[in-house]
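Think of it as A, B, C and D in the order they're written, each chain with its own count starting at 1.
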Amino acid sequence: MKKGYFGQWGGMFVPEILHETFMQLIEAYEAARADSTFWQEYLEVMANYSARPTPLTYAHNLTKHFGGAQIYIKREDLNQTGAHKANNVMGQGLLVKRMGKKRVIAETGAGQHGVATATMAARFGFECVVYMGEEDVIRQRPNVFWMEKLGAKVVPVRDGARTLKDAINEAFRDWVTLMDSTHYVLGTVCGPHPFPEMVAWFQSIIGQEARRQIIDQHGKMPARVYACVGGGSNAIGVFQGFLDEDVELVGVEAGGKGLDTGQHASRMKGDRAAPGVTQGYKTMFLQNKDGQMIDTHSIAAGLDYVGISPILADLGEKGRVRFEAATDTEVLDALTLTMRTEGVIPALESSHAFVQAFKEAPNMSPDEAIIINMSGRGDKDIFTIAKAYDDPSWKEFIISQADGFRK
Amino acid sequence: MKKGYFGQWGGMFVPEILHETFMQLIEAYEAARADSTFWQEYLEVMANYSARPTPLTYAHNLTKHFGGAQIYIKREDLNQTGAHKANNVMGQGLLVKRMGKKRVIAETGAGQHGVATATMAARFGFECVVYMGEEDVIRQRPNVFWMEKLGAKVVPVRDGARTLKDAINEAFRDWVTLMDSTHYVLGTVCGPHPFPEMVAWFQSIIGQEARRQIIDQHGKMPARVYACVGGGSNAIGVFQGFLDEDVELVGVEAGGKGLDTGQHASRMKGDRAAPGVTQGYKTMFLQNKDGQMIDTHSIAAGLDYVGISPILADLGEKGRVRFEAATDTEVLDALTLTMRTEGVIPALESSHAFVQAFKEAPNMSPDEAIIINMSGRGDKDIFTIAKAYDDPSWKEFIISQADGFRK
Amino acid sequence: MVNVGVNKIATQAGNIRLMNNLEADLRDRLNKKPILLMTHLVLGYPSLDTNYEVIRQMAENGVDCIEMQIPFSEPMADGPIIVAANQKSLSKGITVEDSFQFAERVIKEFPQVNFLFMTYYNIVFRYGEERFIKRSTDIGIKGFIVPDLPPEEGETYIRISKEHGMAPIQFFTPTSSDERMREVAAIGGGFIYCVARRGVTGTKLELDTDLVQYLQRCRAATELPLAVGFGISSREDIQMLTGKVEMAVIGTATIRLVDEKGADKVASFMKKLQ
Amino acid sequence: MVNVGVNKIATQAGNIRLMNNLEADLRDRLNKKPILLMTHLVLGYPSLDTNYEVIRQMAENGVDCIEMQIPFSEPMADGPIIVAANQKSLSKGITVEDSFQFAERVIKEFPQVNFLFMTYYNIVFRYGEERFIKRSTDIGIKGFIVPDLPPEEGETYIRISKEHGMAPIQFFTPTSSDERMREVAAIGGGFIYCVARRGVTGTKLELDTDLVQYLQRCRAATELPLAVGFGISSREDIQMLTGKVEMAVIGTATIRLVDEKGADKVASFMKKLQ
């Protein structure tokens, strides 16, 4: 198969001006991959800076509640900056150090990847610019605040839908200008080769740990593994621990207001996506018949994206990964239940995985185990969640804070 | 020495109606302490649910920046719920299970201990009521929101200064009513015996880990260990790893607007505190000459308390712990520097420890190491920090959110 | 030990027990009426002048003991009404010195009443235990009620109190074991304050079988007079207690009365009770 | 391979190279003037009517090539002005079908101009590569500029384009090594689009020594005509390029002109340039 391809998906569709940059990146990445000390260093950084391995928490209350499969939760929320995004950025950071570059850029939607990159840049001493759709800058102000405090420059992108895909375009525009000094820290397993392969490699740390942990704790392989799928990095991360086993892998996409409403971000589940090529790679994109990308919707900003990892498109096409979708409403219900029964607060993104697991666990045998990948923590989502719950005291609080500022 | 006393400090000053409750608690606590399987279970819970051991991160940038001692940061921010508070609540939770009680109550100031307790209660299946001064309910709305979502009932306390100490009083009032079913999960190393000793025991996990980690990483004992001191639980937690060694222990109190302004919360540093007895124990309290407790101030809600652990009062009196104070302004500066250089966001409380470490590190030898206990993460403090930095976009954001609600 | 004002009394078991001033006085009174009355107020709330007026009406209407609460900023064992009274008093600036001076005056003017100080331990501690007890003795205070000072922590306080003939009132509670009651009783003096129920001050309780049983346990554990309060507000409440305990305590009721109807109504309220 | 419209040409090295229609046409024109002119516009922006008017004025004023950009929602390689034009065009509802029909009309009406389609690969991909190329050929399009389709990914596209005598325009960039330039040139047809500098479209550049050296490298790497643009807006700019490259590209300048002064001004602008 052609390098950078997964079945018919993937590739490296980059402007000629980035050709050399990609050659260098591929070279550095392949050298790192061939050098076992690199992975060792990566593991050490993740242990020393980001509390890895993250636990695999046995959810005894949820297990009891559903009375079916044994439920385990992989705790990516306990990473530095509160999500699996840390794995990817720290890995790329190490690579940037090797390449001798001094400046990193990133796109961000929800802001999680931006915060993670800003963190990494502060830690490694890189200059950092984060591109973020203007809509997202407005919606995700807390993350913008932290990025700035971490020393990053956040550039609001005013093109297109002013969301994630536009931020990616703008990051590429920066890169084609300053490629000599700059590495573009792509935030998920998408984009041109080597990004999907490379990000998947860094995220494989999740699956490697989870595999060891489930055998330790459950004594055998899980029956199923659930992960939410935005770009797909947390999903591929955890799935890689189980690809060669008889384990069913379930990716849960953003069903938004319902697959039949048009307001969702499901590429694999449902029939609104089609093969396409943009942002540097070939995958299933949510697009119209002319090939124009369309607006997506999800309560979870991190799942609100038109494309999906080419690796997942391939695994989906081959039937190795089953795709499902969770609606915004289902997500809030699963979140509520998880908070009350286990005391953990999954991110809205992660809650998608919980939805599907909850649908299936009751029909499974207590002898079987399932793993839900909790890709991040939900406290970052307080503005969205409080709004979604229509919490009156929160409204009052925000109004009084605002009045304080108006004085 | 009398049980529950540390030098002249401590004791068990509880109303007669709680006498039996305390006898039972002491019995359960002592039995647990004598039973090595209990600690084993505790370690397992902390590993499986809360990512322990937390890393000891080598802060190479800060080290370079100050050019003195090697700086290490103990990462309690990576705990479940983002602070060392988890250690205490999970430990007490296990004890509650042993005692067969079904309901827990807690006081909370900043809300961190409340969130941690709500989390623990959800996980252990306990009913949970959190008492919180009305002032704090208003100021710390995000934490209130999460406590409620985690299934806890948050009761605003309208007595006194309507802050932490009043919440403690109210929690005791609940306890003297429902002591048969209820355990009071005190949030710090204060209060009547056995709380100081018991909470210190649970928090000793920090010091035990840090001791092993610094030897692993630095090859020998650190020269100094810094921790912020509210009630004192994170400080005692980490100090316990080094009490018997030739390691200088430095507790940093809230200097607020300056020790000479009266707007601070320094009990050991400065001369405004005096020995006293209330809230069940004897220690140095900030009080007037009649013995009435006075208002305290700190930018960090978690340090804004009139008393200090009797264990620390004793260690301070004996000269084993040196006390210092950091002002609000110094705290923001240290926070800024830490974010930019290391990519970690200490809580405002924890930032107090950083202030003092930064003052001293430059004058130490590169051969020496210091540990700063980062008791929690700062993203919980966004409302306070953004206000303190007077961030204009944050104001705009809050105002627009509020306008959204007003519509 | 200087046994100032302590009388000897023969116990039912035939032992000799020391009886202090206050207990002796209460026993005297019990020869004249079947049940005594103790009332409570918070010094400085709503004002010392009102306190004075309330005390006058109480004194003139047969109240046997008055607990005067020196306000404290952390009234941990009190219910909402008394908590609020403590705070309001403090916010008006009342000091411990004010409390002493006021106490001295009313003790002088109303010698027919036994005055006790009720407060939290920090007030005593900060003033200096010995100094506090000494001055209280000097002005004629008969005893102390300090709810956050259990006997184990109060050894010095109890010793010095007794040395001065002061009653360091101890508590029985529904959660106290028989053994604990005996232990506490052995240390106490004056009378035993029987906490009627779990919880803080201020809520009305039924005299149900639980409570009756509890009072029987209290009675069995000590020969000291027993005082109990549980939201008493009528003559019937008090009559029910007669024969079961030696003293009925009116706690929050008077504060509420003064709050709602003014100090004038205290006299008639006291009359109605007896 | 169906060598539709491909001529043979002798290279300097004496080899035989295939020359397609477009290149042949450009070489013809270069016999008559020292440097050619290519302009750019975004279809549907501000409207197809304006596009028509602009094209007419260009065609009547000696423009040799026009790249008509079929708008795309993710114009990753474009600068802000063209990005905005893409969006506005799309938001007015222009479709790929509209673009084809419009192209067909102007190609017919202005046969003196070589028309190229510029777009992103997804437009081609979704339409169907073969179908897209076939229809373009049928209506008389001479070549394609697809900035996000590097030769490695464009094998089929290049093959089919060439089969139809279409020029799959390739890029040289300042970051391209000499080797890479030769590689790309070997695949390309029509002319080589020399990206003048790092960055996206739309910023004015000086013809400094770096740029001159770069153009020398470009020239050394291929015998295909070279086209270059770098914010050209005057006759002087173009004169400076003469002798260095075969074609000057006016990119953002006309869009800005039409935005600011209207389509009427295009004719005089084009005249001034030459």
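Please note the rule applied: contacts are C-beta pairs under 8 Å (C-beta built on N, C-alpha and C of every residue); 3 or more make two chains touch, one makes a residue touch a chain.
Note that this is a predicted model, so its numbers are computed, not measured.
Trainee: After subunit A is dropped from the contact network, which chains belong to the same connected group?
Mentor: Minus subunit A, contact groups: B, C | D.
Trainee: Touching subunit A and subunit B alike: which chains?
Mentor: A chain counts here if it touches both subunit A and subunit B, and no chain qualifies.
Trainee: Could you put a whole-Å number on the gap between the CA centroids of subunit A and subunit D?
Mentor: 38
Trainee: At what distance in angstrom does the C-alpha mean of subunit D lie from that of subunit C?
Mentor: Once rounded, the distance between the two centres reads 100 Å.
Trainee: Can you work out the whole-Å distance between the CA centroids of subunit B and subunit D?
Mentor: Comparing mean C-alpha positions, subunit D is 66 Å from subunit B.
Trainee: Specify, in ascending order, the residues of subunit D that touch 2 or more different other chains.
Mentor: Residues of subunit D never touch two or more of the other chains.
Trainee: Please set out, as single numbers or ranges, the residues of subunit A touching at least two other chains.
Mentor: Counting only residues that touch two or more other chains, subunit A contributes none.
Trainee: Think of each chain as a node with edges to the chains it touches; is that a line, ring, star, complete or other?
Mentor: It is a line, because the chains touch in a row without closing up.
Trainee: Okay, what are all the chain pairs that touch?
Mentor: Once each pair is checked, the touching ones are A-B, A-D, B-C.
Trainee: Help me check something: in the complex, which residues belonging to subunit C touch subunit B?
Mentor: 72-77, 79-80, 83-84, 87, 90, 95-96, 120-123, 125-127, 147-150, 152-153, 170-177, 180, 184, 195, 198-200
Trainee: Mind listing the subunit A positions that touch subunit D in their complex?
Mentor: Residues of subunit A touching subunit D: 11-21, 159-160, 165-166, 168-169, 172-173, 176-180, 274-280, 282, 285, 287, 289-293.
Trainee: Can you name the residues of subunit A that touch subunit B in the complex?
Mentor: Result: residues 47-51, 54-58, 61, 75, 78-80, 82, 118-123, 125, 138, 141-142, 144-146, 149-151, 336, 339-345, 379-380, 382-383, 385-386, 389, 391, 393-395, 397-403, 405-406 of subunit A touch subunit B.
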